[in-house]
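Okay, so subunit A shows up in both of these, paired with subunit B first and subunit C after.
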Partner chain A sequence: MSETKLLDVRGVVANYDSPRGVVKAVNAVSFSADRKEMVGIVGESGCGKSATIRALLGLIRPPGKVVEGEVLLDGQDLLKMTKKEIRQVRGDKIGFVAQNPFAALNPIYKIHKQFHNVIRAHEGRSSSRSTRKRAVDMLTAVGIPGPERILDGYAHELSGGMAQRVVIALALILDPELIVADEPTTALDVTIQRQILDLLRRKTVDEGRSLLLVTHDLGVVAQYCDRVVVMYAGKVVETGLVSEVFARPAHPYTLGLLQSVPRRGLKVRTLGGRVPSLIDYPPGCAFADRCVFAIDRCREDIPELRPAFPSGRGVREVRCHVNEQEVFADAAVDR
Partner chain B sequence: MGLMRLIGKRLLLIPISLFILVSLSFLLLELMPGNPAITIAGDFASDAEIEKIEESLGLNDPLGARYLSYLGSVVRGDLGRSFFSDQPVLGELRERLPATMELVFLSLIVAAIVGLFLGVLGAYYRGRKVDKATRGTVTLFQSIPDFLMALLLIFFLFYLWSVAPAPVGRLGFSGVSVEPITGFLLVDTLVAGDLNAFVLAGQHLLLPVLALGIVYAAYFGKTARSTMATALDSTQVEFARACGLSEWKVVYYAFLQARTPILTYGAILFGALIGGAAIIETIFSWPGAGSWALTAILSLDIPVIQGFILAAGFVTITVFLLLDVLILLLDPRVRL
Partner chain C sequence: MPLLTVRGLTKSFQRSGRDAVHAVNDVSFEIDHGETLALIGESGSGKSTIGRLLLRLLEPDAGTIELEGTDLLALRSSALRAMRAKMQVVFQEPYESLNPKMRVGDIVAEPLQIHEPSMSRTDLRERVRATLEEVGLDADQAERFPRGLSGGQQQRVGIARALITRPALVVLDEPTSSLDLSVQAQILEILHDLQEAHGLSYLYISHDLSTVSYLAHRVAVLYLGQIREQGPLEAVVQNPQDPYTQALLAAFLDPDVTVAPSRSRMLAGEIPDPTRLPEGCFLYGRCPVRVDSCRSEPSVLRLLGPKHYGRCIRAPLSDEDWNDASDSNAPGRSS
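What follows is the complex of A and B.
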């Protein structure tokens, strides 16, 4: 690990004002990502994973607001930037890959025009010929055959996989250091999923970028990511190397997520209950009501992130009052 | 190409639509109570006089015969003569319809500009003070009846501040005459090179256009606010923003999505205003088709009413055809 990480997110808090009260969508979230590293952010719907990446892209719109924290990219705090500065960072230093390519691409403009607009937004006047050349090169690099023809067509003429490749090419056209992918394969079928993830890994590892992969698919995380950030109710509940976390889950929620994935020879368990309201945050651990390990303290005292399994590889943190050995022992029962 | 086929198909539909329209309106007018002969002759006319007028208007012929004879003359391009002025309906239409269309067209442009401005602003600053202010303005515009708006404008802009000329027709009492070519005064005066008449026509258009434009801006404002709010929330707009496009460009991307329903609304308003501008026309002594038809309805001048319905129908159908073609040209997804 190098001294300065490419991305360092520290204590980010993002709130949404709603008629019923303030929704704490992102609650003191911290994590980091290094070059050549793929970091998975997992959690169920509404856990704040999408809001987290939007916070670091400056994409949280009113009634939402980032109220605290730092997002350091190459040592520069994105949250302190003016609107104009953060706009220049988006696309140029951070590439965003959306979930559904057909929803993300502009349906009215030809593909070339969309590349042209992105390049022009950052580099000012550019000739149509030069942007076209760059778009062709980038489309080729993301594995699109016949890029010239694609550039003169529209998004709706593409297949799902091709459309997502075009989105990736748009995200990479200005050579960003960080790629943020929001469920990039959820809208695609399984065979295409693999191709897209392989492509993202190549673009990250081979070209020295960093990738944040938001997903609820643990299989994808296990197979592709180096580290994982597990989120629950707006907070990070566990982080660590994927190999460590998946082998020895320290948080009961992580354990629950792992057990809910069907695997041969293992019993599938479901997590009962629902995510608590983010408006009336419980006085103790947000997961306590669904947790089989919960003790009295869990309902009174909000747990802090603390180191777990100190003997293991890499930095490992968990937000839980229960001893991780106890949680892991339960995971071992299934084997 | 699909476009030409669609236009061809729609052009073929126009005569059919008009036939249905003429037949329906003929039958509906038949159901209208009252006897035009009495209206023409006056309440004190003798039965014999009324009988004579009925005879001369052909009102005593059986319904089928009258329907067929009307249909026949319509096909030959003869819309009959007014019961009262004895002027050919077609000739009057030719004078009055362009006056209305010029008024409606300009009003809708004003309405679209004002309404889009308010609606887009409100959608962009949704839930914030700007949104509340624009929504309040839109509600205010919508709750003022057009005739009241016209009277207020006349009171302030003509009577108090003398910015606009008196509300007396398209050119006032200036004595200026313009050779009708298109019937649109702003066009005709330019073609004739008569700049004075152009300015005069513009001045006389100012108040009625403002009255209609402000009131109908509310409708554009509401549509624009809701469609833009949805568009600004879309993944497409978020992706554009995530690519670092400027806010102007991002809003423009949203507008590309929102413009189809807004255009459709504009076309519907155009059709509705051909007759709906009647009150404004009356207030401004505008020699338009709406006030003409209104007078005809009050006096049971059936050929005029029929002629107006036919003309308004024709204009509406044409506008809708143009709208469909426009949408087809604007959105590559609709092209087949």
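What follows is the complex of A and C.
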């Protein structure tokens, strides 16, 4: 065994109670993130990406509940902590950038007050002048022009892209070891997106932190992440190094996502259908109805995660009954 | 004669007690029959405003808009209504643009009822049915309400509604940016097939390069309400001549892991405030390859190649120009 990973998520199950039944939003999800590593989480809308992140941060609220699993941060199980303890860890050790920036900002406090409160809550007393200096530096780092003016204003005065960058600055201000970001650059323009991704990459690689990045943008994963976790219907269906997974997809769903990217002169290959209801998990593979590789067994047995492409680099896992060589052969036809 | 000819289009938004926003500044372009012109640019660059001016949802301060030789701005009431049937729009947020209290069939029928009030109910129902099928919906779905449909189905309803009057030109304002990749691919394919089948022309507004290169024949790059570069897709995307276009294209992240992202062509800073337009070249403040005459000389579109126009007085720009710039006069380049 190698030394422990910074983050190790093991078999986490989280459900939401709804009038129509139990929504199995996070279905025995396991993955890890090492220091100096950017891990991307991808999948279509409703696949459980945000729910997974909320579960590991202790942020699932009723009607949702984490019912099983361990989330080890530096060997300590976050799911066993009291609310107070986990609140301390979030901030100190984990910086969180939520999907909706405006929900993460307080509408009635000036922006400076929000930085001040975060710093004080975690580091104890601290002068307004020193928190201001740190906030200015961090806002500058995320590319906000005129940070002084922003600090004296309120959240509603910010554009979506500005608000997003303020939230990123707040998440980074305490220098967390793990940064968890849910679609952090979706609201940003491409030229700004690159500035933010470069900053996050520097934090991760040069300063030895870990980053978990939820995104629907396969280009971001391809060009910035080291490893990728592909989710479908609440489960992990494929993991591995980005360079391996994107070059040789082993799961039909991963292949379908990659082929959905439009390219000049090529007919877009469309993944028909949509993510099934997470209430009645099908008796076999949840992807079977949309899968062009499906065999009879796919509708009867639920596939387990198993190793794929054993000769490739890094640990590679896939949840599929069909041999990965067959799936990859289909990808190769397209090139 | 082109289908649409736009000359000198200009629009400012006056705001009481505040400076006017110069959203669209002297914009000219043409769209041919059966052609797609993509309008790309960052948030706030004026893309949607141009779309709304064409549809006369807004009145321009200056400029002319001709559809098949008819001056749209001179038209009043009934003639304008007839013209509107030839020009339709599909918006970004499918749900927000559909009336939740109306059934799908009535939503799709509405523009036709306005345009051809004398049409019989049976004919109307038949046209609705045929149009729904053309965008890949079941005719039965006419009875449903938008709420019960998925995002992709709602967007198909939006497209059916735009198509039912058999328009010559459709303004597509980021029609897939709120959709999952797999659903986006389905919509793009439908738009492509409809264009082939009916010889439709599109003004395709987007900031996503992969969809642009799939759908567009020509591209116009917008910055601060002004076209910086315009030309055939291949010329603009493969051989961009303006530093802004080059930076915008370099910021695009390719999902193909074998393509390395460009790190050399990045712009510092943000889009300037559109209440105060810069003198001379609008890019001057952020431009790494600027020279003094960029500010003193008037900025005009010059012919750079076949049907290829650009504003940069230093064009054609080589790699060396950028390399020299990064060690010398780059304005506030972030570390």
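Please note the rule applied: the second predicted complex is superposed on the first by the 305 of 335 C-alpha atoms of A that agree within 3 Å, B and C clash if a C-alpha of one lies under 4 Å from a C-alpha of the other, contacts with A are read in each partner's own complex, and residues count from 1 in each chain.
Just so it is clear, a residue touches a chain if its C-beta (ideal position, glycine included) is under 8 Å from a C-beta of that chain, and two chains touch if they have at least 3 such contacts.
Note that the coordinates shown come from a computational prediction; the quantities given were computed from them, not determined experimentally.
Do subunit B and subunit C fit side by side on subunit A in the superposed arrangement, or is it a clash?
Result for subunit B and subunit C: fit.
Please indicate which partner A:161 is in contact with in the superposed arrangement: first for subunit B, second for subunit C, both, or neither.
second
In the overlay of the two complexes, what angle sits at the CA centre of subunit A between those of subunit B and subunit C, given in steps of 10 degrees?
80
Given the touch rule stated above, what does A:103 touch, subunit B (first), subunit C (second), both, or neither?
In the superposition, A:103 touches subunit B alone.
Per the contact definition in the header, classify A:171: touching subunit B only (first), subunit C only (second), both, or neither.
first
Under the stated touch criterion, which partner chain does A:189 make contact with: subunit B (first), subunit C (second), both, or neither?
second
With the two structures laid over each other on chain A, which partner does A:271 touch: subunit B (first), subunit C (second), both, or neither?
second
I'd like to know which partner A:217 touches here: subunit B for first, subunit C for second, both or neither.
In the superposed model, A:217 contacts subunit C only, not subunit B.
Looking at subunit B versus subunit C in the superposed three-chain picture, what is their shortest Cα distance in Å?
9
Give me the intersection of subunit A's contacts with subunit B and its contacts with subunit C, in residue numbers.
none
Please output the residues of subunit A touching subunit C within their complex, sorted ascending.
Per the stated touch rule, the residues are 44-45, 143, 145, 159, 161, 189-195, 216-224, 242-243, 246-247, 256-258, 260-264, 267-272, 274.
Which subunit A residues qualify as touching subunit B in the complex?
57, 59, 62-63, 83, 87-92, 94, 96, 98-100, 103-109, 117-118, 121-122, 154, 156, 167, 170-171, 174
Over in the complex, which subunit C residues touch subunit A? Could you list them?
Residues 42-43, 150-152, 180-186, 188-189, 207, 210-211, 213-215, 233, 247-248, 251-258, 260-261, 266-267, 269-271, 334 of subunit C touch subunit A in their complex.
Which residues of subunit B touch subunit A in their complex?
126-128, 234-236, 238-247, 249, 253, 256-257, 330-333
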